[in-house]
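Have a look at the structure below before the remarks.
Lettered A, B, C, D and E in written order, each chain numbered from 1.
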Amino acid sequence: MGITQILFWILTALALGSALMVVLSKNPVYSVLFLIVAFFAISGHYVLLNAQFLAIVNIIVYAGAIMVLFLFVIMLMNLNADMNLQKNKLIRFAGFLAGMCLFLVLVAALKDAGIKKQMVQTSGGDIGLIKNLGMVLFREYVVPFEISSVLFLSAMVGAVVIGKKE
Amino acid sequence: MIAVLLILIPLIGGLALFAVKNEGSAKGIALFTGIAVLVISLLGLSVMNSPADLNCDILWMGALNSRFHVGLDGMGQLLCLLTAISFPLIFVATWNNTYKNAHRFYALMLLSQAGLMGVFLAMDALLFYFFWELALIPVYFLSSIWGGEKRIAATFKFFIYTFVGSLIMLVGLIYIYFQANQSFDLQTWYDLKIPDRVQGWLFWMLFSAFAIKMPIWPFHTWQPDAYEQSPTAVTMVLSGIMVKMGVFAVIRWLAPVLPDGFFQWGDTVSMLCLIGMIYASLIAIKQDDVKRLIAYSSIAHIGLMCLAIFASNKSGLQGTMMQMFSHGVNIIGLWIVANTIETKYGTRKLSELGGLAQKDPALAILLVIVALANIALPLTNGFVGEFMMFNGVFSSGVTKYGVLDTTVAGICIILSAVYTLNMIKKIFYGNSNTLTQSGTPTSVPVLVSLSVIVVLIFITGVYPKPMLQLTNDTVDAILKYMKTSI
Amino acid sequence: MPVNYYIFVSIALFCIGVVGVLTRRNAIIVFMCIELMLNAVNLLLVAFSKMHHIMNIVRDGTAGIDGQLFVFFIMVVAAAEVSVGLAIIVMMYRNTHSVDINFLNRLKH
Amino acid sequence: MTQLVFLVPLFPLLGFLINGLLRRQLSKPATGFIGSGAILASFVVSVLLFLDVKAGKTGVVELFDFISFGKVHIPFAFQVDQLSSLFLLIITGVGFLIHLYSTAYMHEEEDQHFARYFAYLNLFVFSMLLLVLGANYVIMFIGWEGVGLCSYLLIGFWFKNNDFNNAAKKAFVMNRIGDLGFLLAVFYLIAKVGSVTYSEVFANAPQLTTSTLTIITLLLFVGATGKSAQIPLYTWLPDAMAGPTPVSALIHAATMVTAGIYMIARSNILYTLAPVSQSVVAIIGLATAVLAATIALKQNDIKKVLAYSTVSQLGYMFLGLGVGAYTGAVFHVMTHAFFKALLFLGAGSVIHAMHHEQDIRHMGGLKKYLPVTHITFLLGCIAIAGIPPFSGFFSKDEILAAAYESNKIFWVIGVLTAGMTAFYMFRLYATTFLGKFRGSHEQEHHLHESPAAMTIPLVVLAILAVAGGWIGIPEVFMKDGHWLEHFLSPIFAASYEVKEKMHAAHVLDHNTEYMLMGASVLLAIIAIAYAVNKFSKKPDLQEADGFGKVLANKWYADEFYDAAVVKPLNAFGRFLDNVIEKSGIDWLVNSVGKGVQYSSRQLRLLQSGQVGSYVLLMIAGMIILFVLQFFLKK
Amino acid sequence: MNAIIFSAIWGVLMMFSGIFIKTKAVIRNLAIAGVAILLLLNMAELNHFLLFHINVRDMLAFDSFGLLFNSVAFACTLIYLLLSARDIEEVGVNLAEYFALIFFVLCGVSIASSFNTLLMLFLGIEIISIPLYILTGSDKRNLKSNEASLKYFLMGSFSTGIMLMGIALIYGATGSFAVASMAKQIDGFAPVLMAGLLFLLISMSFKVSAAPFHFWTPDVYDGAPTVFTAFMATIVKAAVFVAFVRLFDAAYGASLPEWRLTIAFIIGATLFIGNVTAVFQQSVKRMLAYSSIAQAGFMFFALFGYNEYAKEGIILYAAAYSLATIGIFAILIKMKDYTFDGYNGLAKEQPLLAATNTIFLLSLAGIPLTAGFFAKYYMLTAAIKNGAYLWLIIFAVLCAAISVYYYFRVIQAMYFKEGNGQVKEISPAFKIILLVLAGIVVLLGIFPQLLLSHLYF
């Protein structure tokens, strides 16, 4: 087992564990913090896959910007100790069960032997570098890039419409 | 040309009537339109009866390969004539009825006429379905707006019931469309050979719509309620013409198109018809409401027609056609009387009436004639049709049970006498009571329309030859496609 | 690494997100779980991207790069969604002083 | 002349139309004149036709195509031959007399009802003529149903009385039951022969199998039982006495009820070829004769007695047909028409005089008040009792002789019935005309002989009742005395031919025949003597008891039908309406609607308004789809 | 391309118009003019007239199918704005922003109808969804609107997650996002592809509110301001369907028989739940929400029997359904009482409204002589042509019969029941446009090829 494998398993354990904690934490603030941990773990996977750009963006955008926004909102609303968990144990259990079932079904559906042969290149390949990504993004993907500006515009207008005091 | 006019005139008349607010002129225009249609229909029978005059075939929807193909064959002529005669009669007979928003009433009446004409004229399956539904909508509104107390529920039941049937029919029609190499043309369908097994279930898809429309037991329960609750003028349309749509459709769109399915299920359907006939007759005997009585009697009569169609021979089919016309005329006559009594005495209960023959002898005589025609007394129109139908059933070559069927159906002849005479007795005979004491002779329009009906009854009853000749070729053609011997 | 490892990890993360959506009532936490689901997808996309890269590197030097670009677009959209989503949650909080997703329950049946 | 046969029914039809349409405008004399005149005109044409036929000129006149489909053609055609021309004479002749009689009898009615009466009566004659004249079974059926209709209309002529209406309805419905049999027979003919025209049917009859013929003839006979009031469909006829008395005379005695006999006589070849049917006809006829005679013994209504007597006599005629005495049956039809019409008209005269009293217990001693009526009625009674040389004797004797030939038991029962007939007729006569008057004073005060319009027909009919039999004097009395048999022989020729083929003809020797006649006449005389003796002095006024009560109540036949058929049918109808229709089919239909609404109410609960449960359900849906797509799909 | 660019530009324009223009009428007219121009430009592109020549690198494909649908969508929007633009003013103060958002949605619609890669599909769907979250919650003081917005947003994002999972798996299996390459996968990746397609199918089903992923629909349609419900329930839903059909063109079409059972399940559930639940509703608005679910069930037949009839049919269905529903909503907005009883006696008070409403309802019910008939007809034809699953088709027509029940309840209330249906003030122009709309519905009901023949130019 090489270093890559060891790192893979450590990061995976970290990601899954913190993801579970997001769901299980009673305090929303803890949830946010665990989510940030999970994001870092995922970024670690990106690094492992030599997707450097995404690793950085993930940390900056997700862990940095978005999660801070979440934290900010939670703090603003002073929600750190409220009715976190569903009072109805039955529904909670049902939810958990449904999630597990979904997982099992998906695993059962995808456990086909054929896919095991395909390997993922780790710590190599340079497509994840900013230079290469940028080249393709602004050549091939310029139309979607521009169109996503419409998305931003509408999100911006929306946030204003919703947030503005009348 | 004739065919198009038959649809177009009532359509235009109906649409124009929405704009006429005055009740009197609305009635006048409606009657005028009705008579114009009648004239056109007669023209088609007499002078302008070359195929070029009678048919019209233009492309309607290229993508679907559907054509606006309307035309008149013998059976079409007969039913269009019935429709054309019925509406003026109905207008005249209900001349003294007053309706709120009369112009709309008459407009919708004429629209339903256009729809009915379309059904009888369509030579293209999609067009046929189109008109099949279109005829229903105005009637739904007519009944629901101007009907009796429980009109909304009753007519809605009627609507849903028939709608379910026709949707299932639509599925069947589309299926055949693909079988026929994407064609809706009637002739193409006639030449089609669909596998037996497919025909077996396809038959029910089409027949369910027709059975509900006719109606065949046990799909009939919409009918008494609808007849009872509709304004009588609409009931006349419903029972006089609309139920014929079902019979007509079986002859034109079912039997020649799906002959194998037709024969496979012939005995089953015949049994339903027979059960329905006996059942309806027995219930009719116990009815106290004139409208319901006539409604059940109609079920029994239609059952016989359906039975005769399934006999699949010339006598049965021609008898059915004859009877479609006769029953249409006769039952309208019965409704006219029912309407007259209801408007005058405010009741339809047999038990509350009596002794009207003293007060209103003319009406009594006319009713007796119409009622007797309805129970097929010889020399009236009803006899010719029923005789031929019974004979057809009896000598049917496609079933082993012809004799049995005829005998059981024959019991209805007896039962029909019972309930008809009961009705006559309870309305007209006996002593008058407080309600009927104030009776006055019937108004002229009613008498005129009834007289016309009586004249028709005798003309077609004594000398049915022209009508039989009219339908002769149609029947031969249909039998040819059904591949049974004539 | 075999690709099925990544697939199952992603699915696991995804399902954890789903369970979170199912079991939590705090709108913000629910939303966070949805973000977790998106991240699971991102991880999967990157893994596939590298898988396709190694499969097709001979034919095309930049093979598999569109997977990573797609992740980029997902982040973009996620960011936009977050801005709108938080605005909606804040609006609701303003009106009801609650972020319980079941608190408002006027629309039903 | 034959070509003008259409005139015969045309006159009554015109009479019907004129009287019917102008009933408010015409005065009574005008109406009466038109009504009777139309029949008289027919009678004249009939006589001319008869003469033609007698000269051998028979034929079929085709007026127009009535119904034709495929290979089947049913023309509207009239057949003029011996049988039909004879019936024409009876119908128009007796019919005219009764019309004439009616002008006086119905004089109390209002103008329009008077006209209505004559219109109906003319319509009846028209239908009856169609029945007789038709050259095929369908035209016969037209008349067949038409007379039924007229019978219905005339029985219910006084429509204010609901009992009368019910009687009318009963008559019509029972006739219809028979008609169904008739129709089925017609369909059988069409199916087997391809034609309903007499000539073709009879020509093809030998080719048909016996079973087919048996079925056809039995079905036809069902029709006859309805129209001619035989077991089991006879109960309408006594009730039909609700109609005006001349109507009873014309329709329910002289003409309509004999339609069944006419029909079988017409189809004689079919019956001859189907011996089973013949036996059935004979047995039913005899049974009816006995049954009706027993009932007549205890009836107190003057018309009811006559009605049961009619049923009984009709039974006789069927017996005659059944044993192959076609001529005899037709002969009896004719004589019966004379004397029964006479009796009914006489009864009408009595009723007229008694102000619509019909119960003989309230009569008595009318001899002196109504001399003409009395004499003619007595003649009629003697004729029906079968005393030679009155007409009834000849015709009845012919039937009895044939019965003896066929089966001795038939003869024995027949003779006993004849004795009963004599008994109850003279019971009637004695109670009515002899003894003391038992009615109210007011009635007595008003008693008077009827006007000439009524007595003239009585006299004419009396003459016919006495002398009518002389056209059929049996061989034993006079060689070639049976003129009627010669006249009708072309009609029955085929039958006789077949019969001779089947079993060697053995004609009764003269001694046996004398003996048979003697027995029946003797019995009749004894019965008459006993009856006159008993009832002229001490009429039987009490309610009957014991077996007599059973007879007085007509063997409880009506009650039996009511309990066995009418009530169950009504109950079944109610059951269908209330249970099957309302709580069965309609309930089912409605519960589809209710079911949709119910599931709507339940289904909307899924929409709980909670995001958590929505997502849960969505996940469940996803799992289902995955399972479907991955694991269940074939 | 004309439409995408122009709608984005006009959206921005509308955004700024709120700052510079204070008169509501001008803003309104500007928006209407924008849609009209949009419509014209799109028609022009349908006739091969392009404003811009942009190398889209196969990310988008402009074929007559998508363009024709765009035209239908824009025309519907135009009618919608003509009928209901005044009512938008009553929702809140941010009039210009609402219009801007509508234009952005239209931009998303244009993308969804012409995408050629899953990336564009994703972006298109998101561009449609995000403004709708906002519009749903635009009635800020109204708790129902808040609730609807939150539910819509949470469930919408959730389904976005599912869609992305699907796209990721498809990418994994095929190595490309291009629609054209979706049919073939790397060896051994068949289950991955199928799982991906199934995820995609589920999320698209969510967007078109097919059962069992429809739960958001009634609540959101009910809670959103009625004017925006009208927009969401018609144009947007149709657009997603068109996107769905495009997806089927390549991805599912190749292996359609494999998908029939799943789709049949969805159709059955959708028809049943939509129709049956609608029966019980007391509010016409909520009934229309369920009705839209039911109609989606019928539109699904286009996917079920994917053939030439399906493509023609979905356009016709989109037009028929949108036009009729817009009309019904426009009248509903004018009602003072949204329950069925609120319509009682409307025929007497407002005969024209009642008459046109009747035509629209008949169209939804699929009665001949209205566009709705041919729409349903095409769907049935498409399904029957394959000859399989006839029971499903029978079930569908039975459900259509149930739909008559709730549609006709409105007609019954208007015509047959006593009462005086209260309406707000109605301008003559409104009536005229309604009449025109009804005319179009009837015209398409007699000559559907007026619309469909454009598909083949």
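Note that a contact is a pair of C-beta atoms (placed from the backbone, for glycine too) under 8 Å apart; a residue touches a chain by one contact, two chains touch by 3 or more.
Just so it is clear, the model here is predicted, and its values are computed rather than measured.
Path length between chain A and chain B in the chain contact graph, taken as the least number of steps between touching chains: 2. The most distant chain from chain E, with centres taken as the mean of CA atoms, is D. The greatest number of inter-chain C-beta pairs in contact is found between A-C.
Ranking all chains by how far their C-alpha centres lie from the centre of chain B, first place goes to A.
Between the CA-based centres of chain C and chain E the separation comes to 26 Å, rounded to the whole angstrom. Annotation: 43 Å between the Cα-based centres of chain B and chain E. Chain C and chain D, compared by their mean Cα positions, are separated by 97 Å. Separation between the centroids of chain B and chain D, computed from CA atoms only, is 37 Å.
Each of residues 119, 123, 126, 130, 133-134, 137, 140, 150-151, 154, 158, 186, 191-192, 194-195, 218-219, 280, 405 in chain E touches at least two other chains. Within chain C, the positions touching two or more other chains are listed as 3, 7, 17-18, 21-23, 25, 30-31, 47, 49, 51, 55, 63-64, 66, 73, 77, 80-81, 84, 88-89, 91, 101, 105-109. Those residues of chain D in touch with two or more other chains are numbered 593, 604, 607, 609, 611-612, 615-616, 619-620, 622, 626, 630. Two chains count as a pair here when they touch; such pairs are A-C, A-D, A-E, B-D, B-E, C-D, C-E, D-E. Across the complex, chain B is touched by residues 64-70, 72, 112, 138, 141-142, 144-146, 149, 152, 156, 159-162, 165-166, 168-169, 172-173, 176-177, 179-180, 183-184, 186-188, 190-191, 569-570, 572-574, 576-577, 580-581, 585-586, 589, 593 of chain D.
By the touch rule above, chain C contacts chain D in their complex via residues 18, 21-23, 25, 30, 101-102, 105-109.
Residues of chain C touching chain A in their complex: 1-9, 11-13, 15-20, 22-26, 28-29, 31-33, 35-36, 39, 42-43, 46-47, 49-51, 53-55, 57, 62-66, 68-69, 71-73, 75-84, 86-91, 93, 99-100.
Within the complex formed with chain E, the chain B residues making contact are 61-64, 129-130, 133-134, 137, 141, 144-145, 151-152, 156, 159-160, 163-164, 167-168, 170-171, 174-175, 177-178. Interface residues of chain B facing chain D in the complex, by the touch rule stated above, are 157, 160-161, 218, 220-222, 279, 282-283, 285-287, 313-315, 318-319, 355, 357-358, 361, 372, 377-379, 383-384, 387-388, 390-391, 394-395, 403, 406-407, 410-411, 413-414, 417-418, 421-422, 425, 428-431, 463-465, 468, 472, 486.
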